[in-house]
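Paired with chain B in one complex and with chain C in the other, chain A is shared by the two complexes that follow.
Then we have the complex of A and B:
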């Protein structure tokens, strides 16, 4: 009888310990999301509070899916993330392999790499806005002083260049997440398989492709999973660098949500868009988390 | 003989190439930030000068005095109160998130229970909701509860922002501590509560501190939610204050750079202190299921 009681109590303990965490998330995230789902089914405008109680079904969703501005921002966001994350992964891998080769000062280099990760996205945005300013920015000043161009390059004014500058800022900010975790993976890598492969006559590309890379993948997935929690912080970059301009050509899903919701006060429609962006982020995180769990299981099996 | 000389030479060349690439890389990583820092100590007219002034002729602290409201020239942006707000909000939300996170992380690290994986994933997925998407319903709810433009309103939001990742990190740190240690203490007559405080907590302390730094910086740096949930000097934080500058008629680049430095400094110091533990926590929590 006493035994049964104690096992029951240990059953309860983990849930009690988790209760504050779960309660916070339910109150600050889940409840608002339900509220936001309801709002997305109404024509709610901040200026007309009563519209919150008009149920109009999926009208908002039908409207945004028929709206070219929305699709443009949506596709741009997907393209932006695809380019940014692939470049970050490739660069991060390169940097990790490079630093792994260096025998002196690894610690210091690793610390330097952590700094961009800790910068506020709003700060990174400001920093590149400052550097890329067509008038007083150091990039144009340098190019002009060196005589490489006599005209000011409109880094943040021309639509294509602006998107490039934003992507560059994003890559600068987030590459180190990949570099640091992949480097940690390289440090943790056992030496024996590498040496065995070399004895068996593998060239360095084969060693990399079949031994190093598979070992690093779980670390890459951690980086992706961590990164995916925060993909929407690109909103901060765009907000400070171009605010979606010129003429909406750097508008991402998140800046469009803010514009429709706050500037145009169309909360119903904005919440419908926000839901699409939420589902996008959640799927993204879920996908990489699954990959991480699978890779972990694979590694566990190999041990 | 010639072969060895040649291979030694090529080895040297490789080494030099390696160093050069690393050097350029670090330059790319550091220069943008350093340029902002340097500009913070230069007068605005030197920044605006055409043709550009490359070597600073004047190093000044005026920009800092200006943004904090000392000295003759002042900006119309109350950076001092933004700084206090940022500090109060970030510190409070970090402490609360750590308490919740230590309890949650310990639970994940030390107990087996039903839906464990599901709850963990659920917490992470809640964290993934974009700030701007979350800001709208939270704004509507907070305005009914009277929490818009209050420090409390932002603190509550930041706690929930930090709890999932804090749990992820702290779970990892607790799992690095052999369970046998606390079991041995319990055999010797400690309760589980005592074993936790006497054995496990002290061992995980540096890791928990690292998680705290991460939480602090997340709150300190956050913009999307803060920009919508704050209105005045009662609750505006530094990142929101930085954007205030762009709304002004003429952009005060030097002032913005000075404010940027104020935002960077805590990030630099704190990162430097905990970087080792942070990497350990990230990889350990993730790799070892």
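Then we have the complex of A and C:
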């Protein structure tokens, strides 16, 4: 009898010990998730708290899926993410390869390289907004002084140029994430397979293409997993630089969510969009994570 | 035809000289082993042949062509590295075929030659695995397969077996030898293990501090070491060295013991010369338990300090002329510590080295 009791107690112990963590998780993650999921199923308006209790099923979802503005923001977000991450990867790889070659002053460069990451995205947004201002901006000023153009280029006003400018700011801010992770990869790279490839007949480009790059891909996937989460939730840069304009042509998912939720006070519908956006980020991250796991499987044989 | 020649090859890292002017000719299809203690410049020499290290001075020729300024890919050589250096992200098949693919061979040709190499090395069941899924011995085999598929002018091996356990090392050593008999190609093989050198080489190159100490067939190097360095490096257990002076027709050892100067060395010594008498453990054996029973010799009574029975033979530690020496007892007989046995020194096989230079008295 006593014996049975003690075993019962030891069986319970792990669960008791986990309880605080579980409770915190419930409170911090699960409750808000459930609450926002619920609101996405109601016509909740911030100005009319009572609407929180009207259950309307999937109406919000049906409405946003039928809304072309939403789809435009959705596709634009995917395009933005794809372009930004690829450009950051390419530039980051180039920087990492160059820094890896340098023998003198490498530490200093590595530190300088991280500067853009130290600024708040809002400030980066403001800075680029001023750089790209069509009247007083440094960019137009420089172009005109150099005689490359005699008009003021509407960097943030023209729809295509505005998206370009935002992407540029994003790339400036975050290329170093790729550069740093890829540099770490280069430092960890074993020398022997490179030499084996040279003996096997590769020129420098082929060594890079067939040996170095595959070795670096897990590091790139880590950066991509981190960055896809980051870019998919991009808000601050856009809000500051164009606020989704002109005429919604730089609207991304989260600026749209904020507009619908706060400006139009349609929190229920905004939360439905937010759910779709979150699932999108998770899908991207999951995809890169899968790639990472697959790439890491063979790296056990690297040494 | 791929003869490899080194002419006064020098390697310096900044001011630090690592290889000091090596001259060596490796014949077509010859298996040459560079052997020497760690840090003596073997790998550096090999890597200069491969093109992985710049050559500071001198000339390296492969098949008559000076290759000093050619990158590795233009030298048509294969190399097997100590750490296997497989491509971790490719399976065995792609590892083997990589060089052929880079060379622009057709897929059919690649498949055929990979299958051939896999067959020679018993890799066929492993073709779809990645290196991470292979044991050390299997990885080593893949590294060798990768070297042979390309049909190169020469194979370069850098300590290929030193990461394997003793048993596997023995097996792979035999496989490398068989491989060379099947795939007749020039081989330059680097090792610090004198057993590998003795068993594999057509010719051994003993290196010391960036220089060549001696070049010769295994039997030449074993039977006629040019210096105490080679004498103690080649052969296991190492040759015993006993300091002494030449007194007429005898060598007077430290404690006054006199042994006759071997006949074949009589012309090379003079009275009063300070020497070291070199005698291998195999040539000091209890009477009736040695390798040679006839020929000139000397008999001395020695006390057994320690005996290590190995089955058909025992290694015996004893003292001769006040110095610890190792001796061999052949035949299944136990020798007990403290036992006094009459040992026979096979003096016809003894060596004499100039005590001042460490060189054999036969080389001047």
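Definition applied: the second predicted complex is superposed on the first by the 271 of 303 C-alpha atoms of A that agree within 3 Å, B and C clash if a C-alpha of one lies under 4 Å from a C-alpha of the other, contacts with A are read in each partner's own complex, and residues count from 1 in each chain.
Please note the rule applied: a contact is a pair of C-beta atoms (placed from the backbone, for glycine too) under 8 Å apart; a residue touches a chain by one contact, two chains touch by 3 or more.
Quick caveat, the model's predicted, so the values are computed rather than measured.
Model built by superposing both complexes on chain A: chain B and chain C fit together without a clash. Contact with chain B, but none with chain C, is seen for A:232 once the two complexes are overlaid on the shared chain. In the superposition on chain A, A:272 makes contact with neither chain B nor chain C. Once the two complexes are overlaid on the shared chain, A:220 sits clear of chain B and of chain C alike.
With both structures placed on the common chain, the touch criterion links A:200 to chain C but leaves chain B unconnected.
Of the two partner chains, neither chain B nor chain C is touched by A:64. Of the two partner chains, both chain B and chain C are touched by A:297. Of the two partner chains, chain C is the only one touched by A:210; chain B is not. Contacts of A:109 after superposition on the shared chain: chain B is touched, whereas chain C is not.
The partner of chain A that touches more of its residues, comparing chain B with chain C, is B. Residue contacts after overlaying the shared chain place A:192 against chain C, while chain B stays out of touching range.
Once both structures are fitted on chain A, no C-alpha atom of chain B lies closer than 10 Å to one of chain C. Shared interface residues of chain A (contacting chain B in one complex, chain C in the other): 297, 299-300. Within the complex formed with chain A, the chain C residues making contact are 50-52, 71-73, 77-79, 81, 83-89, 98-99, 102-103, 130-134, 139, 146, 150. Of all residues in chain B, only 18-19, 21-22, 25-26, 28-30, 32-33, 35-36, 39, 47-48, 50-52, 54, 99-101, 103-104, 106-108, 110-111, 113, 116-117, 119, 121-134, 136-138, 140-141, 156-157, 159-160, 163-165, 167, 217, 220-224, 227-228, 239, 242-243, 246, 253, 256-257, 260, 263-264, 267-268, 270-272, 275, 278-279, 282-283, 286-289 touch chain A in the complex they form. Those residues of chain A whose C-beta lies close enough to touch chain C in the complex are 190, 192-193, 195-203, 206, 210-211, 214-215, 295, 297-303. Across the interface of their complex, chain B is touched by residues 10-11, 13-15, 17-18, 20-22, 24-25, 27-33, 35-36, 39, 95, 98-99, 101-102, 109-123, 126-128, 130-131, 135-136, 138, 141, 145, 172, 176, 180-181, 184-185, 188, 218-219, 221-222, 225-226, 228-229, 231-233, 235-236, 239-240, 254-255, 257-258, 261-262, 267, 270-271, 274-275, 277-278, 281-282, 284-286, 289, 292-293, 296-297, 299-300 of chain A.
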